[in-house]
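Chain naming follows the written order as A, B, C, D and E, and within any one chain the residues start at number 1.
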Amino acid sequence: MVSPMLLIAVPLAVAFLLPVIDHLGRTATRVVHLATLAFGIVVAGDWLYRLAGGAATAEILTGGWPPPFGINLRLGTAEAVLVLLAYLTAFVAALYLADREEESNVRGTVIQTVLVVGAIGLIMTRDLFNTFVFLEISGIGTYALVVFGREKSGLEAGFKYMVLGSVASIFVLLGVAFLYKLTGTLNLDDMAGKLSQAMVAGSGLILLLLLVGMIAELKLFPLNGPAIDLYDGAEPGVMALLVGTTVNAVFYTFAKMTALYEGSQWVEAITVVGMLTFVIANLFAIRQKKVRRMLGYSSSAQLGLLVFLLPFVRSGEILASTVGLLVVNHTLAKAALLWLAGIEGNEELDGWRGAFATRPLLRVGLVVAVLAMVGLPPFPGFWGKWHALVGLARGGHPWWITILLLGSLLEFVYYFGWLRRVFDGIQERAEALRPLKWTEVAGVVGFTVLLFFGVRMLGEAWGSVAALALAAVGVVLVLASVIPGRMQAAVVLLAVAATAWRLWGTQLVLSDFRGLILTVVLFGAMVVSLAGLGLPAPRKSYWGVFLILVGSIVAMIETTSLLGFFAGWEIMTWSSYLLVSSSQKGSRPAFLYMVFSGGAGFLVLGGLMVALGGGVQTLAGLTTLTGAAALSAWALLAAGFAVKAAAWGAHIWAPDAYAESPDLFTPFLSGVISKLPIFGLGVVAAAIAAPAISYLGRAFDPTHILAWVGGLTAFGMTLLAVFQEDAKRLLAYSSVGQVGYIILGLAVMSPLGWTAALYHVVNHLLFKGLLFLAVAGVIYRVGSRQFSSMGGLIKRMPFSFVSVLIGIIALAGVPPLSGFAGKWLLYEALMERGWLLLTAFMMFSSVIAFLYCFRLIHSIFLGQLKTVHRDVREAPWPLITAQYLLVIPILVLSVRPRWLLDPLQRLVADRFGSSTLQAVGDNTLVSSFGYFNAIAILVLVIVLFVGLLIFLLTAGPRAKKVGPLDIVYAGEVPPPPEELHYAWAFFRPYQRAFQPVLRGAVSAFWRDVADVSEAIADAGRRFYTGNAQTYVLYAFLLVLALAGIGLAR
Amino acid sequence: MKQIVSFLALATLAVLLWNLAPIAMPSDLGPVASHYVSHGLQENRGSNLVTSVVVNYRGFDTLGEVTVLFLSVSGVGFVLRRRSGLKVHRQRPASEIITTGARMLFAPTVLFGAYIFVHGHLTPGGGFQGGAVVASAVLLLILADRDLVLPHAALGWLESLSGFGFVLAGVVGLVVSGSFLANHGIIPLGTWNRLLSAGIIPVIYVLIGLKVGSELAALLDVMVHAADEGEAHS
Amino acid sequence: MNVLSFLNLVDLLVCAVVLIAAGGAALHRNLLSAVVFAGVASLAVSFLFLRLAAPDVAMTEAAIGAGLSTVIFLIAVRRTQETEEEDR
Amino acid sequence: MMAGNELYVATALGLIFIGLATVTIKRNLIKMVIGFSVADTGVNLLIVALGWFPNRTAPIIDDPSLLSDRATLAVRSAAIVDPVPQALVLTAIVIGVGVTALMLAYVIRLYATEGSLDVSRFGRMKW
Amino acid sequence: MSFPLKLMWSVIGILVAIAYGLLISGIIRKVMARIQGRIGPPVYQGFIDLGKLLVLRTATHHGVMFYLAPIFRAAGGIGLYLLIPVVVGVPALENFSFTGDLLLVMYFMFFGSLGMALGAAESGHPHSSIGISRGLSQMTAFELPFALAVVALAASAGSFSISDIVMAQQGGILHWNLFTHPLAAIAAFLAFLGMNMYAPFNIVGAPQEIPAGPPTEFNSSFLSLMMAGRSIFAVAKMVLFMDLFLGGATNLLEVLVKTFLIYFWSVFVGAVFPRFRTEQSIRFFLGWPTVAGVAAVLLVMLNR
């Protein structure tokens, strides 16, 4: 076992010797430098391993005396993690920065080495003045190193940073000196004990001075201006080094100092400043035009979050390891992002269009780092945020949770805004980037891989072998992008089929809500991957991400814990986001999708936090919630799921996302992903609906709101679908509208309503998947989504036509196909509940659905065939096969809805007791309001059809087939420009009639939200004037302001 | 406007400090200080308690301090590593008298500095003060002869080895008595008030003196010569 | 008693010198003069250190604070400009 | 007690005030560095003044009898000022000169890029 | 009643209904002509047209869907008729109403129109397209007041079953929904005007600008089947309204009288009002008829 002291002594000795070693040549310097850092990694890693294995914390004395007489240092688990991180970052940074011209100066290497020493000293020391010394070492190292590579901007930023840093160190030194005077000791632990024993008079102002000094060192609002300039101006490789060393070390220093603040009036100030930084820095970041400046704001925000959590760690509400997870996450991800920023080299955000187009591995790295940065699973930040929130929830801090989540949403906005640009126009930028050096790439890849250490926690949270296996195969596929797309689709098909095989009969049963949804998911995935055999993959990583998506959904359904559920939910969100973004025009809609999904996720998270605050751990335990907790949890969950389901008011993301996502993915998005909020409503939110409703008493029933939201969604989206000129957009609006029906059915909260909703879940998967697949085939062959460029394709693509015909009949709910049963159930349920107006309203909107159904089939398949489409072939066979895989169950359901209804009835009975729906005889379904007999209808229709057909064929002369142009009108239709196309603006009168309700108030609302927050960000960030003296003034004013608040009490 | 606000803010701050900070004198020494005062003599056998504190009790701080100096000299060199745009200032060559005088003064000054840091554990002064005096001797030479080229290699070796020696002394303490920079069991503490007493303290203070002296000399050298000579070290 | 009050008077004077020199350092528009003022202030402070029973600190302040710092400042001024000119 | 440390503390605060005011108000870069130097000196003076006891001697023991005589330990500790602040200041002074040197190096370099010492010229990065 | 017997009665009923439909439209045309000072066609003109179309020597078609269109149309009409009990309590005239309730009937009302639209669209004739656009638009608009009325009736009767709704109106003329739910009746009867696509809601066919509208390409036996389907569709709707609002019927004579009254209502309005443009008629239906329907529903909710 090596003494931890050597972690400081060895690099320091090497730093002293380096100028001499350099006489032997650059290579010697470099080798010695790297060897030293490697030594540090090994020793720190060894210590971490031992400490994690239960070894005692190492105490190191200096001068030969115990504290408080000598300075002592400590190496516990937290310290070991940070030291290891520092060495790792420094090692990779050394690789990254090698070959730079500046490296020819040995002083650069010396400074890098001493910077590590400074950070480790800060981390390990337990002496306050020693802390000051190491703060100075870190500070001077930073000032010196920021001129690396970028002379002018680095100088400017470095100078400002130095000015504020010097003021900060004056404050810190004053604080330290006065604290010594008050307590007679400089040892932190000793001092904390003495301070808390008796809050000595006069300690308030002193602690404040120290606090403000540390706020400046920590780069918190309002003193973060120079630090942000530093990110902007300095070489990104240097900033990555700083993130791993100095930044963490200063944070940990402050964490140690919080012991001094216990019981003082500044604890709240720490919390508030931290959270303020988190929110404000994130807010200002959304308007940044420069990548590295944005990253600077992000760093400041993250530090704010960490500092915010510290008082809660002191009070025991949050575990230190939670904060540790966030620190590790931030370090790895931010360093990777900075290196990537350096490799790409473009400073302007807009210059990132199509970045790394030719280097998929780096793009994967970028995506992973961004996902980790914003705190998505399976990366460490997610677990950290989760546990932090749980701590806050248990401690009863709902408002902090709210603000934290709002700030996190802002983070989503700018990080995914960045990715949006990267995904944008990947096709158009093909020219080679500057040649990559392996040293640069190694760092990015290494840190990206390290980020995956959260996967172990994912395994614990999920406990689902199937899900993990699926996701693992997905990751392999992402990395093995050489495999051709169709072969990958085959792998996906096999994997999903194997999963289905394994789960068959255990989880995969219809008589259970989870089983039902799981069946829907796996079936949908199989159909889509089957179709994938016939279409090119939109992106190399497409199928891998798809499998990750499927795995996350399986996990979400199978898991029993709230954490597992939410982890699955978030992975589902980001993987589907990646899939949506993988089409040519998908980046922008995908961005919107992600932001709204992020918001939805945070609402759900808020709801789960209320539950966790009430002591609930598992999904099953939700039922134990009562009273106000039940109500608020229910409201948050329902709202979150509603947003994710694109319910009216939050629907604006959906049509674009559906329409612009790859043709292969849209069926899954519409058929399966849109059902997951329903799963959430059904399993998670409904569990607490009863106590929530009873808490409100008779005064008001919150399900009314949900019902009308569902109703408005159904109506509004249906209406908008009517006016679309684009086949996929039409179906997109339709999909959202159909989910509205399902929400409405669930909101009824009766056996019949649930039966209706669940029936519709299955049915919608079938017919909407069918329609999207058929349209995908048409788009693939025709090369356009516009109605005006289609027409008359019935003769060229008859199989697709039949698919669409069956699909729209089922969709419209016209008897005799399966859709009618769904509509019938819904109306019966609504009548039973006594929601008469909604019943009529839904009848109306489902009739409007006829319009777009007709539009779809008419504009694509009927009418005049375009000359250019004379030789169009039928869609590829895998696509057709996939479609008919969906047709069969539709027909089966049409004949005997009971095959689905019976298991649904059973599972609904589990929740509600018996249903009013009964079967009379074998085929007639009877509810309290009405009845219908599916087989009788079918027979009636078939008999009539056959009879009439026979009549038509026998009566009168044999009809002669004539060409499409042989019509009474003229015999010839001039080739029209698209606006004269027979199907252009088909329902124009309808549009005119509905003009007043179509003004787009909702999108205007969200546009306003975006505009206002951007305006605030724009106005607010002027706070950072760029003038060094102003920043110093802020420090003084901060002292005065806090003194005014804190000392007045 | 900003100036006025700054002025007022600072004035308020000063008043606050004056009124609220605990500036009144305590009745007696704090616990740590009393320990140093009462046990310092036995434990380190040096008359100068400040030196005991600086080199032994808080020796780790001093190592950090030396590091700061080292780092800032490296930093100055690094910041000024490019000559482009730097103002080259030429001055008249110094007169013969000054040059000669400076050369004559050089040796006594260095000796004086050495005296200060060798006696650091006994009398006021020590490595830093002595080092500064040594550096001022170098300054004299630089002032006297602009074109003087310092023996960089020798200075560099001195700088590196003295720093390394300091760390090594600490590690020796670690090995011998399990505590970094410990002062017992390495060299006998000796008799009080002798030059060769107080254990390892004078050794370390001499190393510090050499380190600081060479460091400050290098600093002056870099500041003066950076532009017109380019890189001080290759 | 006389000695004490004499020393007190000296203290007062030195403190005044310190503050005046610091003010001069802040206000004098010639940078070389300002640097010299700062050095004087530093030197006066080192005297105060002596009065505060801190001979070690006094020596250091004199050698490093008053001496070396001032030299570095002078070098810096010579390498930039000698008067304080603000451009509007 | 009248002959306390008020005079020194006041002087120190005055130095800090003058120094920081120079930093915030003077737009000349060298003046700003001078300001920091002055403020540092003030802080150092303040720290030493805080550890000072009137009528006590410097922490240098020149009486060998004190070495073993346990009885006079209390006496001795009542006769000497606190050595710790002095040690801290010793360190702080050296750190201060290091920072000052680096700042001046920056100033020299900044002057080379802009040909000016006005701090408002160096505020391009903002918002 | 045995199934074959029921089947036989149904076939007879279908034929009679077609004949009745043709006859009644002949009567109306005559009446209209007289109002406008013309002589007008004979009342049996419909039968002549049907016969003529059936014996035409040539026929053309445009494809599978074109073939299916008249079948959809006729099946929609006949199916609708078969799902509605003509005389509740008389098994021979209750048709196949056991198959489904009022919801099924409401959906079946669209079956024919949608199917015909498909076929008409396949012809590729621009006039068909225009006609379909107008027809479907208008069709959905009157659905709202109609649905509101139906919901009001069903809620007060406690059932979607047509027979139950009829039974709930027994006991005298004042128990008819027409009088117990006047607002619902207003909404429904205004919607009825649109359903029939007679003036003023006849822009779908709009003989002057787009000859014949959707069926413009149909000829010979295709057209004859459509005509037949159309007339039985009209009859079925009248029977439905009779069941819903006029207390159903106890014998065939009552059926005749009541349906004729209902029919006359639409003719009367058509004679008085000029033709609406499509968006005008949509706005019309979403205006006062909807208000009446909502009021009717609210009344029902209040009375419970």
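The rule is simple: contacts are C-beta pairs under 8 Å (C-beta built on N, C-alpha and C of every residue); 3 or more make two chains touch, one makes a residue touch a chain.
Please read these numbers as outputs of a predicted model, since none were measured by experiment.
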Chain-touch separation of subunit C and subunit E, in steps, is 3
Moving step by step through touching chains, the smallest count that connects subunit A to subunit C is 2
Ordered by label, the neighbours common to subunit A and subunit E are none
Argmin over chains of |mean CA - global mean CA| returns A
Max Cα-centre separation from subunit A goes to chain C
Max Cα-centre separation from subunit B goes to chain E
Ranking A-B and B-C by C-beta pairs in contact puts on top A-B
When centres are defined as mean Cα positions, the distance from subunit B to subunit C in whole Å is 20
CA centroids of subunit B and subunit D: separation to the nearest Å works out as 15
Rounded to the nearest Å, the gap between Cα centres of subunit C and subunit D is 12
Distance between the CA centroids of subunit A and subunit D (whole Å) is 51
In subunit A, the residues touching two or more other chains are 129, 133, 136, 140, 143-144, 147, 151, 155, 178, 180-181, 186, 1029, 1032-1033, 1036
Residues in subunit B with touches to at least two other chains are numbered 6, 10, 13, 17, 29-30, 32-33, 36, 48, 50, 58, 61, 64-65, 68, 71-72, 75-76, 79, 86-87, 124, 128, 219, 223
Each of the following residues of subunit D touches two or more other chains, namely 10, 14, 16, 20-21, 24-25, 27, 50-52, 58-60, 84, 86, 88, 90-91, 93-95, 97-99, 101-102, 104, 106-109, 111, 113, 120
Contacting chain pairs, sorted by label, are A-B, A-D, A-E, B-C, B-D, C-D
In the complex, subunit B touches subunit D at residues 3, 6-7, 10-11, 13-14, 17-18, 23-25, 28-30, 32-34, 36-38, 40-42, 47-50, 52-54, 58, 61-62, 64-65, 68-69, 71-73, 75-76, 79-80, 84-87, 123-124, 128, 192-193, 212, 219, 223, 226
Seen from subunit A, its contact residues with subunit B in the complex are 3, 5-6, 9, 12-13, 15-20, 22-23, 60-65, 68-71, 102, 105-108, 110-111, 114, 117-118, 121, 125, 127, 129-130, 133-134, 136-137, 140-141, 143-145, 147-148, 151, 155, 178, 180-187, 200-206, 1029-1030, 1032-1033, 1036-1037, 1039-1040, 1043, 1047
Listed in rising order, the residues of subunit E that touch subunit A in the complex are 53-65, 67, 70-71, 74-75, 78-79, 82, 96, 98-104, 106-108, 110-111, 114, 117-118, 121-127, 129, 132-134, 136-137, 139-141, 143-144, 147-148, 150-152, 154-155, 158-161, 216-217, 220-222, 224-225, 277-279, 282-283, 286, 293-294, 297-298, 300-301, 304
Subunit D partner, complex, touching residues on subunit A are 129, 133, 136, 139-140, 143-144, 147, 151-153, 155-160, 162-163, 166-167, 169-170, 173-174, 176-178, 180-181, 186, 225, 229, 232-233, 284, 293, 1021-1022, 1024-1029, 1032-1033, 1036
Subunit E partner, complex, touching residues on subunit A are 792, 794-795, 812-815, 820, 823-824, 827-828, 831, 834, 836-837, 839-840, 843-844, 847-848, 850-851, 854, 857-858, 862-864, 924, 929-933, 936-937, 940-941, 944-945, 948-949, 951-952, 955-962, 964-969, 973, 982-983, 986-990, 992-994
